[in-house]
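The data blocks that follow each hold one structure.
After this come two complexes, each holding chain A, first together with chain B and then together with chain C.
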Partner chain A sequence: METEVKVLFWVGTAVMFFLALGVLFFVVLYRNKLHKIKRKKSEQILEASIESERRERKRIAMDLHDGISGDLSAIQNYIAILHRKEKDHSKIVIFQEVEEALAHTLQNIQTISYNLMPPMLEEQGLINNLKNYFARVRKWNAMQITERYNTGVLAIPLADFYEVYRTIQELVTNSIRHGEATSIEFSMQQEDQIIILEIFDNGKSFDFYKSLKDSHGIGLKSIASRLKYRQAKLVQLSVEKGNKIQIHLKIKK
Partner chain B sequence: MIQLDYTLIYSSLIVGVIFLILFLYKYKTLRIKEPISLFIWYTIASIIWELNSAFILANPTFGFQFYFILEVVVLYYFYNRLLHPSYKKSLRVFLGIMLVAYGISFIFWNGGSSLISDTINRITLTTFVLYFSFLWFAELFRKMEISKPWKDATFYFVSGFFIYYSSTLFLFLLGDFILNAEFYLYYWLVNLITKLLLRVFLIVGVWKLK
Partner chain C sequence: MLKIAIVDDHTLFRKSLKLLLSSFDNIEVVLEASNGVEFLEKLKSTPVDIVLLDLQMPKMDGFGACKKIKEYYPEIKTLILTHLNDLHSIERVVKIGIQGFFTKNTPPKELEEAIWKLEENGFYFEKSITPVIQQILNNPGINNELKIDFTPREVEVIKFTAKGYRAKEIAELLHISSRTVEVHKQNLIEKVEARNFMEVVIYGLSQNLILLEELE
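== the complex of A and B ==
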């Protein structure tokens, strides 16, 4: 009797103990696997949403540029013709005001259209677009910007061009708006299979990853999502004043 | 055999002391806001009692029945705070069953340590812990809020309970036979080892509390 109890006790206890351990191992391992699958799925959703955002931006930019902008240009021409034929001075003044308002609206539409999707990104590539972008920033903000480009022909996909361009745009906007920077040094170089884009400003210092955690805004989160989507890395280097941020983009073979 | 048993008792006490030190260190975190808080207080009371029994050599007869009802209360509090409110009804049903079983166990209670009454109580408590631990694991899969379970304090608490109550089920089920067995302490080692394991899990869990 005692032997039977003894066997029952030890077998039962061992079975229960290993069953409990087994359940825990299963929970940890399978949970981990499931989490990876879900993470991959959410990355795919992010990828799809970024891609559709890019397509939508392009469509809206084209609609604005070719549709509304074209119609407004036609209206501008009609007004100019009427303006030339008009003899009444009071009406001439009104025509002038309408022409000015139309020119201003056209300028605004072009800026919005450009910000939505740079028209030359596909045709002229990243570097020309960045040069163009910095020229505009210089003009609009009266700030000092130096640029250095030490790269050859960039063999990266158009989608990467777009994300890098948007990231640089977001970082520069942050430097100006939140960092109150007055000068920016931008450089782009290639080391082996990695393109390094660096922005060094003299604005208020901030910790990118700490701000990303604390921030409720979408700017930094958008940068992080774009870089994650392109499997690029953001590195913040320590400097005495300002901020030095590098983006490491791997060239996909 | 007896020597090994003492080694385990002292190891359990040392782990208990580490637990007490950690408790003092994490005192602010462990104020009543955490689901595990009551169980921690309960464990502290047990450790102090064990230290008292081991070193002052006071009468080790513990009020098992009182000890058990405390265990029920703290575990009910833990799972009640931990699980989704939709489980509240089943938690109350289980509490009712445990209290009925507790009442029945008094028939077999002889005023001190009675393994028959302990068996009755233990069966319901073990079922309670295993069932609600399973529910918590299921929630872990459903919600996916915790990315790495091994970095979460609650995972250690639930795992500790799960292992302890699973492994000691047969000890208490066969309690009456074991009490009369030749090498009683030989069987009791299972309780000591798993209790040691539970306390290690509690230490890790408390350490992981933010």
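== the complex of A and C ==
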């Protein structure tokens, strides 16, 4: 009789124990799953917002480039026609002023449009756009820039190379504006399935990882998280002087 | 009368440009089109001497239209008239073999000179894109392997043409007839195996026969 009670007791305890374990296991599993769903959701939201931002930038850039620039050029032509026919000196002076202002506005619109999204980004691909970009930087800044491209023909998805392009833009701007760099060495090469883009400037050194954490590095922070999302990452290499930063981009099959 | 075609998808710009060109002497606009396809269609019934061609257009863009013009109407001179001034676009059209490049940022009144220089010299590219030409030359693959000997006279002809002198002016400077200048230019095109004089100038630049600074 006593042994039966004992057995029953132990069996009962064991059953309860496993039940409790089961419930616990279930809860943990559920939470895990919930967490995964949430993370996926937020990734989707991030993707959607990155995508819609890219589209908006493109739309505004195109409106500026095609529409407004075209209109301004047309106005320029009309003013030129009036200017040619004018004999009155005081009016000619005004026409000259208007022409100058128009040329200046056109230039500004184009710069804004280009910074939002280069007009031929999709058609020309990453390398051509980088070459164009560096040509522009050279034109507007007293900079020594060397470029080396050691990759073959690359088939990088648009979303990837758009982010890489913007990252390079941000890093170069940082070097010039905050680092006061006077020379930049840019290189691009391929190692196995990874494309490495490197920027080596001679400006003030900064700790990239530290500035990611503090509030000043908002630009960098958003870039780092967007790159991570494209399965790319930023790496800082230690150098004696200046900064050496690489972007590692995985080639997707 | 010099017959001009305007190909641009921006209607207001096309209209304004037509009006501007009509105010120039001896120039008339005989054809307007909003894209490459429309242009080629209209070209069948309306012959032109020079086409002012935009690059970004729907249906068939300027790059596509350039190739077709080269293929079917090699006698037509193409002056690219665009907002694009990036390295790659210029490189692309230069390699297709256009004769002139004019960005829409340049004051429109300079267009008259550009058109006449294009007509008489067979080539025109504006000063502001010389740094870009320089970059293109730094790229290997443009005629660099070819080594050609030029006579001093030929070098002079390339140099003066590159500077924008017309055949008549070059003839006066070198004390030869303008007919001879034309012959020199034709010979040079054949010698370099170029399709037009623009390529001869670019070749000259790449071989340091002429320096970009001299063109400024």
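One rule holds in what follows: the second predicted complex is superposed on the first by the 214 of 253 C-alpha atoms of A that agree within 3 Å, B and C clash if a C-alpha of one lies under 4 Å from a C-alpha of the other, contacts with A are read in each partner's own complex, and residues count from 1 in each chain.
Definition applied: a residue touches a chain if its C-beta (ideal position, glycine included) is under 8 Å from a C-beta of that chain, and two chains touch if they have at least 3 such contacts.
Bear in mind the structure is a predicted one, so any value in this text is a computation, not a measurement.
Trainee: Of the two partner chains, chain B (first) and chain C (second), which one does A:L19 touch, if any: first, second, both, or neither?
Mentor: First partner only, chain B.
Trainee: So, does A:K139 touch the first partner chain B, the second partner chain C, both, or neither?
Mentor: Touch partner of A:K139: chain C, not chain B.
Trainee: Scan A:K250 for contacts with chain B and chain C and give back first, second, both or neither.
Mentor: Neither partner.
Trainee: Kindly classify A:R54 by the partners it touches after superposition: chain B alone (first), chain C alone (second), both, or neither?
Mentor: neither
Trainee: Is the number of chain A residues in contact higher for chain B or for chain C?
Mentor: Of chain B and chain C, the partner in contact with more residues of chain A is C.
Trainee: Once the structures are superposed on A, label A:H65 by its partner contacts, choosing first (chain B), second (chain C), both or neither.
Mentor: second
Trainee: A:H35 contacts which: chain B (first), chain C (second), both, neither?
Mentor: first
Trainee: Regarding the shared-chain residue A:V27, is it in contact with chain B (first), chain C (second), both, or neither?
Mentor: first
Trainee: Starting from the residues of chain A touching chain B, keep only those that also touch chain C in the other complex, and list them.
Mentor: Touching chain B in the first complex and chain C in the second, no residue of chain A appears in both lists.
Trainee: Along chain C, where are the residues that touch chain A in the complex?
Mentor: 10, 12-13, 15-17, 19-20, 23, 56, 83-84, 86-89, 104-105, 107-109, 131-132, 135
Trainee: Hey, which residues of chain B end up touching chain A in the complex?
Mentor: Residue list for chain B touching chain A: 137, 140-141, 144, 147-150, 159, 162-163, 166-171, 173-174, 177-178, 181-182, 187, 190, 194.
Trainee: Could you pull out which chain A residues touch chain B in their complex?
Mentor: 2, 5-6, 8-9, 12-13, 16-17, 19-21, 23-24, 27-28, 30-32, 34-35, 38
Trainee: Mind pulling up the chain A residues that touch chain C in the complex?
Mentor: So the residues of chain A touching chain C come out as 65-66, 69-71, 73-78, 80-81, 83-85, 99, 103, 106-107, 110, 118-120, 124, 128-129, 131-132, 135-136, 139.
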